[in-house]
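Take a look at the structure below.
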Amino acid sequence: MNYEEKFLALGNEIPSEEPSVPEGCNFVLYRQVSNVLMLSGYGPFIGPTVPPEFTGKLGKELTTQQGYQAARLTAINLLLIVRQSIQTLNNVVHIIEVNGMVNCTPDFADQPTVINGCSDLLVSIFGDNGKHIRSAVGMNALAFNIAVEISISLLIRT
Amino acid sequence: MNYEEKFLALGNEIPSEEPSVPEGCNFVLYRQVSNVLMLSGYGPFIGPTVPPEFTGKLGKELTTQQGYQAARLTAINLLLIVRQSIQTLNNVVHIIEVNGMVNCTPDFADQPTVINGCSDLLVSIFGDNGKHIRSAVGMNALAFNIAVEISISLLIRT
Amino acid sequence: MNYEEKFLALGNEIPSEEPSVPEGCNFVLYRQVSNVLMLSGYGPFIGPTVPPEFTGKLGKELTTQQGYQAARLTAINLLLIVRQSIQTLNNVVHIIEVNGMVNCTPDFADQPTVINGCSDLLVSIFGDNGKHIRSAVGMNALAFNIAVEISISLLIRT
């Protein structure tokens, strides 16, 4: 059950730049309350930039497969944030919740397949402990026109 | 204070098929952390299908009254999920939160009346213990074009 | 670290009418679970009314600066709700989460600057203890056509 090894095996799928809060902003990427770690909503960034294939709306500029990959990259970023907080993914007990928000047109109705990109990545690392409650809904607009914004919470060892 | 009896008195309003996760999906319908039970977002399903009168957008295909009924059916499904987890509603202490998301047109502004369909059902079962904090907001699109998606959390006896 | 004094120094920025639940509605403005206080989503109300400059959509009727001010007023209302629950803001340990929802057009992409109106107000009162995890996303419609709806949770002394 070496979550950390499984994560690092993602190799160059892992962005080389860490997730961060834009300068001058008064929020943080994670907060811990008791043994629950909660994360800010995050997107498919590579460092401070968003790849063009993850910019835009599902049902318009982007395919469902691109949305899936955007959600996968977002999940990897979220795990980088978890590591910023608790150093090693081996201290994760289980994922609690995934709140998946998809930037899409009013007639796009496959938010679940898009957010599967996050869910599948989490389960590939944590096995059954990666399973989580989930919402997967459509937004008419997201910051910087990112394809998805996802927040998660986790139970951790303290 | 027999919540279970009050729920069962809903009779054939209760779908005969249990809520479930679509095959191959890596999420779960509920997660418990300490004495808090949290549920995935769910919709006005009857088993795996959505009645046509609960499919579409408020402000376009559906009336506010249909939206209210969709939220009521969703609440019943959510309580079926609670029973999957803790067997009997008599082990509910109180509802904590209702997160109500309404599939609607940009000019629809009566999300609260729609989500009242869920809130009213909860209070009809649990009395004052059914009261909850709430968000009731508009989404431009939901999975399978369902009218509402709602998630809840509850305090339970353990 | 007198949060209460800093709040009251906002003077006539503080609405003279308290936030309230519309008559006949089955929800509440706050719920406490252990030492976590959670609030319902709330908007830029002054008592029961919404100023015209905070009614409408970002990207259409409203400027980003008006959205920022709407989020600031909403934050003040949320702190009034906190005081309804725990009497004095001096019993706040730290803010946990801000869930910021912006009523906007599909091409509006500056939700973060709008929700900064809430985040900045919280940090002006609570300093580093006002920092929080955050989502800032776009909604196609909100109740009463309010510019923003925001919910927060806080850690409190009990």
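Labels for the chains are A, B and C, by order of writing; each one numbers its residues from 1.
Keep in mind that, in the parts below, contacts are C-beta pairs under 8 Å (C-beta built on N, C-alpha and C of every residue); 3 or more make two chains touch, one makes a residue touch a chain.
Quick caveat, the model's predicted, so the values are computed rather than measured.
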Given over half shared residue numbers means same and under half means different, the subunit A/subunit C interface is different
Note to self: subunit A rotates onto subunit B (CA fit) by an angle, in degrees and to the nearest 5, of 120
When centres are defined as mean Cα positions, the distance from subunit A to subunit C in whole Å is 25
Shared-interface residues of subunit A (touching two or more other chains) are 105-106, 139-140
Subunit B residues touching subunit A in their complex are 22, 25-31, 33, 38-41, 57, 99, 101, 103, 105-106, 139-145, 149, 151
Contacts from subunit A onto subunit B in the complex sit at residues 36, 59, 94, 96-98, 102, 104-112, 116, 119-120, 122-123, 130-140, 155
